[in-house]
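One chain, chain A, appears in both complexes that follow, with chain B as partner in the first and chain C in the second.
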Partner chain A sequence: MGQRRRSAVKAPSSPSVSAAGEVARVPHKKHKICMVSDFFYPNMGGVESHIYQLSQCLIEKGHKVVIATHAYGRRKGVRYLTNGLKVYYLPLQVMYNQSTSTTVFHSLPLLRCVFVREGITVVHAHSSFSAMAHDALFHAKTMGLNTVFTDHSLFGFADVSSVLTNKLLTVSLCDTNHIVCVSYTSKENTVLRAALNPEIVSVIPNAVDPTDFTPDPSQRQDDTITIVVISRLVYRKGTDLLGGIIPELCLKHPDLHFLIGGEGPKRIVLEEVREKYQLHDRVRLLGALEHKDVRGVLVQGHIFLNTSLTEAFCMAIVEGASCGLQVVSTRVGGIPEVLPDDLITLCEPTVRSLCAGLETVIAKQRSGSVPSPASIHAKVRNLYTWRNVAERTEKVYDRVAGEEVLPLDRRLQRLRTHCGPVAGSIFALFAVMDFLFVLLLQWLVPDRFMDMAVDATGPQGLWRQEKSRKDSAIN
Partner chain B sequence: MEDETYTDINGKAISLDCQSHSGLCREFTVSSAKVSIGKVMVYTCSVWLFAYAVFFFTQNTAVLSCAILITLVGMMFHIHFVKVDHESLLVIGSLGIQVSSSYASGRETTTFIEMSRIKDIVINEAIYMHQIIYYLCVLLKDPSEPNAVSSVVPLFQNSKPRLNCLVKVYKSCQEILSKC
Partner chain C sequence: MGPDGAPGPSVPWQKVLWERQPFPDNYVDQRFLEELRRNEGIRQYRYWTVVKEAGFVGQQLSCVAIFISLWLYMEQGLLSPETLLWSSLVCALLGYGLYQSLSSQVESGCEPRTRLADLQSAAIFLSFTFGFSPVLKTLTESVSTDTVYAMSAIMLLAHLVSFPYTHPSPPGSLSLNAALFASVCLASRLPGALHTFAMLSCALMVFALWPCLLQRVRDIAPTHFTGVCLGVCVGGVGGLGLQSPGGAVLLALALGSVTLLCPLLLVRLQRHKDNIQGPWDEAEIHEDLDHGRGT
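And then the complex of A and B:
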């Protein structure tokens, strides 16, 4: 088993220089992918659903996919999800905001075990907030595996915390094979933050499941105009702007209603506004929503409002448009790239500009000159699909599999030339220690004593064979 | 079936003995290596050398008697409660499963699970220390609700055989369980 494993690791790396073109010519090579992130179900959010949907589509294409995340409460160990998607909930200590602590080394034994027993060839880490993702990239490079990183968020450059995070990102990404961003704005941001070569950064947007978000005009109240807002009520999402818009518009339009879904520390702002202007019957705060309930709220509205102050790729406005709503949004981050101009009204992130934008849309709505929900849905439904995302991600894997993983000496050189003399040297030292730690672990628990995991997905996936056998039995 | 060699998860050799008493009754015994004399020597020597070092500075003979006591009690504790020589699984169709483990001192512990409480025998994966391993376990059910798993009894907990050994035991267990 150890022999098989070793040959599997060396195959992509050793002949890489000459065989790079060869691999590109064989596009249907199947990969064994390990997705690593701190954020996965049962935690809810954009990154979580991105990982899940992408994995499902990759499994459909015949790749083997496993997910590694940290344990959530009593949910630890190994679990299987739909279609044999295997999830490792590793017992690592959670520090802050569902992110594990970065001691760099403590996650190595378990991650190595996962990589070795699953025969992983590509490690795909998600989200720059996830310490576990960075750890996994670091260890994967030490173990000679190809690495891909997906960045889901935008960062600033000015304050101390972002300066530090950007430095960490520089170190983490300087020898990563390929980086994926969700929008061109996000790509520009990441390239600048991590001082990367733009050629190794791809843009693959997020997607929504169009069948989950279908319009239903019968749910609307025709005698009023309802504005729907669905976001976490935090500073980044512009809840303060919303607090300014509500009284101004409610004063002008007596038939205007607000429907606000989401929870967060800024909820108090909206409650104060509601109290002060006596708008209890017209502003409804729904609190935290589960993903399955979102559509039910969206279809009740005429206009979808997004007030984000920073956003890499806004999924919410695509979901809103998919339900047939008129979308009004701030012109920040990657939002202008997301929808075509006739489906969205973009405003500056100020109360006055947003009010003006909303007024024009309300006027249009009153005159009935807006396109029907069904026609908007038809336009949006083919813009962002997970199959398309998986296809493009597959190309990234194909390209990465042909690249070589830097050997230790060149990795150290890269770290020291790319990340500055101080941080570079420190992390070069870490890289050496990591390498020694891997050697120690290989001596303590040799690869040949580790049982190879039984594949549930991928070319030899038992799950699919069983299913097809069952299908044939039924027929 | 004797030519296949089995190891535990740390790479130490173990042996699997399958006895077929009748069509519906099989016994599997996993035996691990005996306590090695070398290991005993190393532990004894290290405790005694440490005791002599302390004695050299304190000139207190109680230290030495303590060291002798510690080694004796430690050794007895080890062979009586820690070191398992054989673990056996006796599967009798329509009756139940008997799990027994015999310690190096000769002490034996036995538990019996009757068939009405057994839902299935499966191979599962778990995170153990800093490794992820496969293990064989019996799923128990409550007779009142036959579709739910009420608890899990892991088998061969001390010898921890690797997957090839587990698969062999699993297959012959399933043969018997499927018959009744």
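And then the complex of A and C:
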């Protein structure tokens, strides 16, 4: 598992940092945060690692963090990860693509249980694809909690499905206190989709653990040039473009190799190309990669290619650059904001433009005029760190914690004025029913009779005390 | 945070993430949403142009009406199969001549089909239809007449819905098959095998050949196209009117709404169009990626 290795890297550094922080800074208000999303380990992806890394850094800063997600197969109930990060795998029915179904109400009893037991003050939901995240925002408001939402993806406006999801997002974010987006493009997109005031939307980029992605030029074969592609092989990641690029470049450059990591329905496109042009020895399809294996693949290459058709932030290109590769990418979504021009070659999302971009980089690589991997890594390593993300997110929590939660009547009014007469009225009705449901639950199991969970993390976190006690015992 | 983080610093804000900028995270610059584009590539419709284009839909509706009236005449014995066959033949020859004369002006590059090939296909079609017409005649005998009528109605509707109005030549397979299915159903309710044969050849002409000719007229002589459409519509209403005046009124209303009212709505509602595009849109792959692959 990716987290196990990462935690091993981080563990030694954490006590020293927290100690330094306690001395240097006036102690902030500590928050009790519940991260809610359908997407968490053992599922793999950008959102999952974002939640995990952010939580770890927030714990390091002394906040209490718990994560709520749905059960994955037999993984149900409560689990503890590194540094006492508690994860609730709630038994909710998964409907499609690891997203739970939503009936708006059925997740309330379980989520209320988590929020009350853990004494949550801020609910932080992730990903607009996650029904559970939207449910949590809705219930948190009913229970009088402040909410933050992080949007990780971009949406269009043209087709029917986006019109519907955008309406739902409008309702869901209508009384969310603050929204976090991962790039400026993503912010513009979210503000338009959910008709938001742009001042309650913060831009906090994703981050990459630079210690996970270090260059190692000795792994490269220097008599060839290797282009690495690591992405899911789906339409949105531009696998069709890749299928057009491979034959074009392989015919021109006999020493060119492709190393492709990832799995998906479009794999067949690449296999066809490989078959047709007899490129079995030069185009290697590695299949799905675990996060811990990614670096091992990246360091074998000279050039990292990203062919995405839409991307809010794109951690992959940062990881590629962090491993010292020359990055070539399509100019879509938030990608132009991510890396400075000397670290990335941006192309239009066409086969011709990408080929031209790759040609110039290949020519540079041959003439030896590219900066060394170590110097690229040095430039990238401090651009995006999780500590920085956590610091900026903490500011969002500080701001949110001071805001008042709208009472029911004003919430209803806001829903109806903000979301249009039809959807607004429907969801106002839902809000009333949710409120009555909470009252019923509170009558059945009053808050004061509920067992309070033992804090593993946070100001009185037992996990750390235990550890320091052990440390002192050793000393 | 936010507006309270007054824009004191003199450095301009940049839309980049790699630089730590002296602005709060929720800072909103003047350049916010500057890449937003509204209604890009929108087509401004003009009423009469749309009406002319909608004429094709109207005439296809009338074609169906004409076919149904012909069937009604045949069923009531007002029209003998021989008359229909002879007039069909004359129409087909006239249409074929017109088609050829129009095609000689356009096609020069690609190899045109020879007359012999056309004759061959026509002969094959006709002989097979003639040979099978007794079979087709008795095909639906075990099915109740109501079912046959209901199926024909649904199939003709499917024909109208799935008809490829932008490129009617060749007619789409779904629409053509639906129309022929309906024709077989209706033709099998006629009194004799020759009736069936006449009805089916007529159906082939109306649903398969006529759209090809009309498409060519639209390409070469757009002014005449409007006249032809109008003529077909009048013919449809008139033909149906002799049999059922109520049906004719309904058809006329449908034609009016399709060709006059719907274009008016389209043009009027165009002002309310608010389509937004920006850098967040998913890029589209325009190139033909199959070059050399799979072919």
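Everything below uses one rule, namely that the second predicted complex is superposed on the first by the 448 of 475 C-alpha atoms of A that agree within 3 Å, B and C clash if a C-alpha of one lies under 4 Å from a C-alpha of the other, contacts with A are read in each partner's own complex, and residues count from 1 in each chain.
Following the convention adopted for this analysis, a residue touches a chain if its C-beta (ideal position, glycine included) is under 8 Å from a C-beta of that chain, and two chains touch if they have at least 3 such contacts.
All values reported here derive from a predicted model rather than from experimental measurement.
Undergrad: Could you look at A:145 and tell me whether it touches chain B, chain C, both or neither (first, second, both, neither)?
TA: Touch status of A:145: no partner.
Undergrad: So, does A:203 touch the first partner chain B, the second partner chain C, both, or neither?
TA: The second partner, chain C, only.
Undergrad: Tell me which partner A:399 touches in the superposition: chain B (first), chain C (second), both or neither.
TA: second
Undergrad: When both complexes are superposed, which of chain B and chain C contacts more residues belonging to chain A?
TA: It is C that touches the greater number of chain A residues.
Undergrad: Looking at A:244 after the superposition, I want to know if it touches chain B, chain C, both of them or none. Which is it: first, second, both, neither?
TA: A:244 contacts chain C only, not chain B.
Undergrad: Just to be sure I read the superposition right, which of the two partners does A:412 touch: chain B = first, chain C = second, or both, or neither?
TA: In the superposition, A:412 contacts neither chain B nor chain C.
Undergrad: Using the touch definition from the top, say if A:451 reaches chain B (first), chain C (second), both or neither.
TA: first
Undergrad: According to the stated criteria, A:188 is in contact with first (chain B), second (chain C), both, or neither; which is it?
TA: Touch status of A:188: second partner only.
Undergrad: Which of the two partners, first being chain B and second being chain C, lies in contact with A:154: first, second, both, or neither?
TA: second
Undergrad: Would you mind listing the overlap between the chain B footprint and the chain C footprint on chain A?
TA: On chain A, the chain B and chain C contacts do not overlap at all.
Undergrad: Once bound in the complex, which stretches of chain A touch chain B?
TA: Residues of chain A touching chain B: 76-78, 88, 90-91, 109-110, 113-114, 117, 445-446, 448-451, 453.
Undergrad: Write out the stretch or stretches of chain B touching chain A in their complex.
TA: Residues 7, 9-11, 125-127, 130-134, 162-163 of chain B touch chain A in their complex.
Undergrad: Please give the residue numbers of chain C that touch chain A in the complex, ascending.
TA: Touching chain A: residues 1-3, 15-19, 24-26, 28, 32-33, 35-36, 275-287, 289, 291-294 of chain C.
Undergrad: So in the complex, the part of chain A that touches chain C is made up of which residues?
TA: Its residues touching chain C are 154-158, 178, 183-186, 188-189, 191-192, 198-205, 236, 238, 240-241, 243-244, 247, 272-273, 276, 309-310, 312-313, 330, 332-334, 337-340, 349-352, 383-384, 392, 395-396, 399.
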